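Look for chain A in each of the two complexes below; its partner is chain B in the first and chain C in the second.
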Partner chain A sequence: MRTAQEAALAKHITEWVKRGRSTNGVDVPDFSEDTDLIAAGILDSRGFIEMMLEVEQQTGNRIDLNDIDPSEFTTIKGLCRCAVSQVSPC
Partner chain B sequence: MGIQQPLGGPLRGFVESMRRVGSRPALYVDGKVHSYEELGRLAGRIAATIRKTSPPSMPLVALLAHRSLTAYAGVLGILGAEKGYVPLNPKLPAERLLRILTLAGPDILIVGKEARRHLELLLPKLPQRTVMICPDMEDLDGLSASFPQHQFVPGSAMAEGALTAAAPRAGGDPIAYLLFTSGSTGDPKGVPVRQSNLAAYVRYIADRYAVNEEDRFSQMFEMSFDLSVHDMFVCWEGGACLYAMPDHTVMAPAKFIRDHAITLWFSVPSVIGVMEKLGMLKPGLFPTLRASLFCGEPLLGRHAQVWQEAAPNSLVENLYGPTETTIAITHYRWDSALSPDICKSGITPIGRAFTGQKTCVIDSTFHPVAAGDSGELCLSGSQVTQGYWNNPEQTKKQFVTLPGAGDEIWYRTGDLVMEDRDGCLQYLGRIDHQVKIRGHRVELPEVEFTLREASGSQQVAALAWPVKEGLAEGIVAFIAGDAAQDVGRILQHCRRVLPDYMVPSRIRFLEHMPLNVHGKTDRMKLRELLKEEQQ
Partner chain C sequence: MNKIVETYSRLADEYRRDEESQSCWYLAAEKALAAIELKERYRTVADLGCGTGRALCELASRGGNDRRFIGVEPADNMRALAAELARGQANIRLFNGSFEQIPLESKSIDYLYSILAFHWTTNLTRSAEELARVLKDDGDMDLFFIGRNNGHEFIRKTTPVFLKYMGPAALLRSAGMRQQLTKDEAQQLFGKAFAGREVTVEESHDTYFDTLEGHWTWWVRIEGQLVDIPAEKRADCDRAVKDAIATLQSPEGIPYTIHMLRVKVRNQAGA
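Our next item is the complex of A and B:
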């Protein structure tokens, strides 16, 4: 079950990614909260780190990614789920 | 330059492992394990199909595939047909792939099903009649009808044949692979690496790390990056298993390393930086690793130490080498007690040449400098290639003889180094406008060439920016003259012709390009402008 906190965070991060991509007037490719942002070429590793930092700043928590399959946290929905459920990530 | 007889070339190791440990795993890809026998069987059929299709006079076959069984069997099959492979990275823009195909001129393309969409983009513009061998595709009638000038061979129509490692004909030294790197004139520059070059590298490295059939190699690099050649051939030389990392694991590979109990790791150093920033590197995290190698860009001492703590049972080595000298040619082993004090500006030394290879540090008159002085690094030995593909002008410039050193050919790296009194080399930077972005070589003049094409302005400049701890993170472009230009259109053009790591992250317009006293672009001034922006 998705919490309201997760949904709000995902909405904020979606807007954040769109804002970052549209700098310089470059078209933003279509993406959703379920899009793998790395595979789709929307974020590179630097962009991903920046997105992580933004998520951590919003939640005030450090996210432990070590035992999580990257396919889960390279989507906005997956990353926000991990971030919100800190005690037992994903 | 003397040619060393390659004795069956780089394929020999795979074929011997197939005989010795044929039922053992050779490749893990797309969630499946393939034995040496299974991989060799498919490679044998690809080799037989190439032999049947292409005359022996054609030296090259292109490979359009990505992290798939076809990709790895394709490499082996092409070498089994006594030809060299030209990797085409499906992630590159179609225009760049077409440019590479035009420059290399192969008459056969091996295509994996994962690249079918990319093939359809290339087909209307292929420069010559081409045979497409598609080992994992059957439904090709539509393409045959749309492109009758080309031939399509589905998997079921491939010839039968066994994979063998033939010794090259007397005096011959076939190309093993042809890679294209960024070129300063707007065209990518082809580097043909011979079988003897690769065999020398593989033998030395497989011995050094005592590779054996219990080992599990990471395979993170794209095939268009020569470090992937290490992964494949060093692994198969020792009968080990290659673990092709899915794209989504490349950026954050900790779980992959642990889940598959990887024993030999090879990546660019910036992977450590990303993992560190994501909080993924913890002491003792990778107990199965026994060798961790880093290459492609400067390795920060701090990163080497963090990795050493995460992989306590592993030796950590910094490898260095340009594509022109076959993958890597010097090494330095990290020592947690001694190395931090030896690092210059926080960067790990590049160490000493592999046994049998040679280094020389020269001044602007091509004479060796004294120990402790800086100069350009030159390399010689059996790993050094013979020159660029169809580019005698660049070859003459970079492959030279040195005064008093006879007719021995030395490759000028363009890297500024300092050799200390113990013979240990320290990397200091570049002497030209080449930079490394995420491990990829980028000639800034090639980016500037594209900016001129896109903007129509002759006054353009590309700068590596930001540079943090000596590592370039991206490129910023400057265009002088017309401030009313459409930034989006210029960047779209760059995206169409350049790999993503060469596309500027942004463009800044200037009324006039600042010039130095020699009338050249004042790059110091441009850097100052970028620094001011940050404040």
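Our next item is the complex of A and C:
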């Protein structure tokens, strides 16, 4: 069951990705919370670092990447689920 | 010693071969070198992250014997190659050091430059402060390094491959080894470090086309970021990376766009 916090975080991050890509002058293809952002070429590894920092700032939790399934890590929905469920404070 | 410095040192000979191969990085470095103007008043010139000393020796050879040239390089074997190249040029001295800890006196340098090295710093703020410390009050500086959108074609294609072979934690660790600032971020960083000085940041995006083999010759430059790939997976990873890059093939060749930032600090009197 998805929590309200997860949903709100995912919505915020979706907007953040759209805004950031537009600012970079890059066309943003359509994507959803389930899109694999790396496979779709929407974010590169550095873009992911920036997104993770934004997620951590929003939740106050540090994301432990060693506990993340790579397939979860690359979607907004999966990453937000991990961020909210992990409880180590930043 | 950090992994980037250690790897550059270990692969110094291969790096020199890349320089000789006229890869996109060689051409970008040549363009930066050509933009450097040695003014008469520069008596002490320093190259930070001088590598094998190519630019340093080139400038020293046209700079005159009454001018001192200093190269600073943290990778031992790169510095050794620079020393070999500088043999016979009495106006060149080489030091072991890094952007984070520059082994030079405060306010001792008239002209400070660096070509394609600053993005490897491990501490942006400290490094910018160190540069400001060693430059004379009326000194000039030109720092050329890669920006945020560098190599975007390759990175988009190879990130899924590296994620598969490295996993999320190592991938992000690897990406974080290289600092890639936007123009605005660079302006903010250096504007603060050189407060009261005239600081401008220029940027360029130059796309270089090459064959797959041609691009592969410069792969040594990012080797330090790949050391976390398990050895038994490395050959498969290299193959997958080559396959991914090959999909970028166009009639002109395979593109690689170098996003270069140039930070200029100038004596406000303009002399």
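Methods note: the second predicted complex is superposed on the first by the 83 of 90 C-alpha atoms of A that agree within 3 Å, B and C clash if a C-alpha of one lies under 4 Å from a C-alpha of the other, contacts with A are read in each partner's own complex, and residues count from 1 in each chain.
Convention: contacts are C-beta pairs under 8 Å (C-beta built on N, C-alpha and C of every residue); 3 or more make two chains touch, one makes a residue touch a chain.
What you see is a predicted model, and the numbers here were worked out from it, not measured in a lab.
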Checklist entry - Mind checking chain B and chain C on superposed chain A, clash or fit? => result clash
Checklist outcome for this item: Between chain B and chain C, more residues of chain A are touched by B
Checklist entry - Who does A:31 touch here: chain B (first), chain C (second), both, or neither? => result neither
Checklist entry - Touching A:52, do we find chain B (first), chain C (second), both, or neither? => result both
Checklist entry - Which of the two partners, first being chain B and second being chain C, lies in contact with A:68: first, second, both, or neither? => result both
Item to check | Listed stretches 199-207, 343-351 or 451-459 of chain B, narrowed to the one that overlaps chain C | outcome: 343-351
Checklist outcome for this item: Both partners, chain B and chain C, contact chain A at residues 24, 38-39, 41, 44-46, 48-49, 52, 65-66, 68, 70, 73-74
Next on the checklist: Show me the residue ranges of chain C that touch chain A in the complex, using the header's touch definition.
Outcome noted: 148-149, 152, 155-157, 159-160, 162-164, 167-169, 171-172, 174-176, 180
Item to check | Residue ranges of chain A in contact with chain C within the complex | outcome: 24, 38-39, 41, 44-46, 48-49, 52, 65-66, 68, 70, 73-74
Checklist entry - Taking the complex as given, what residues does chain A use to touch chain B? => result 23-27, 36, 38-39, 41, 44-46, 48-49, 52, 62-71, 73-74
Next on the checklist: Give the list of chain B residues in touch with chain A in this complex.
Outcome noted: 91, 246-249, 251-252, 254-255, 270, 274, 277-280, 282, 285, 438, 473-474, 486-488, 491-492, 500, 506-507
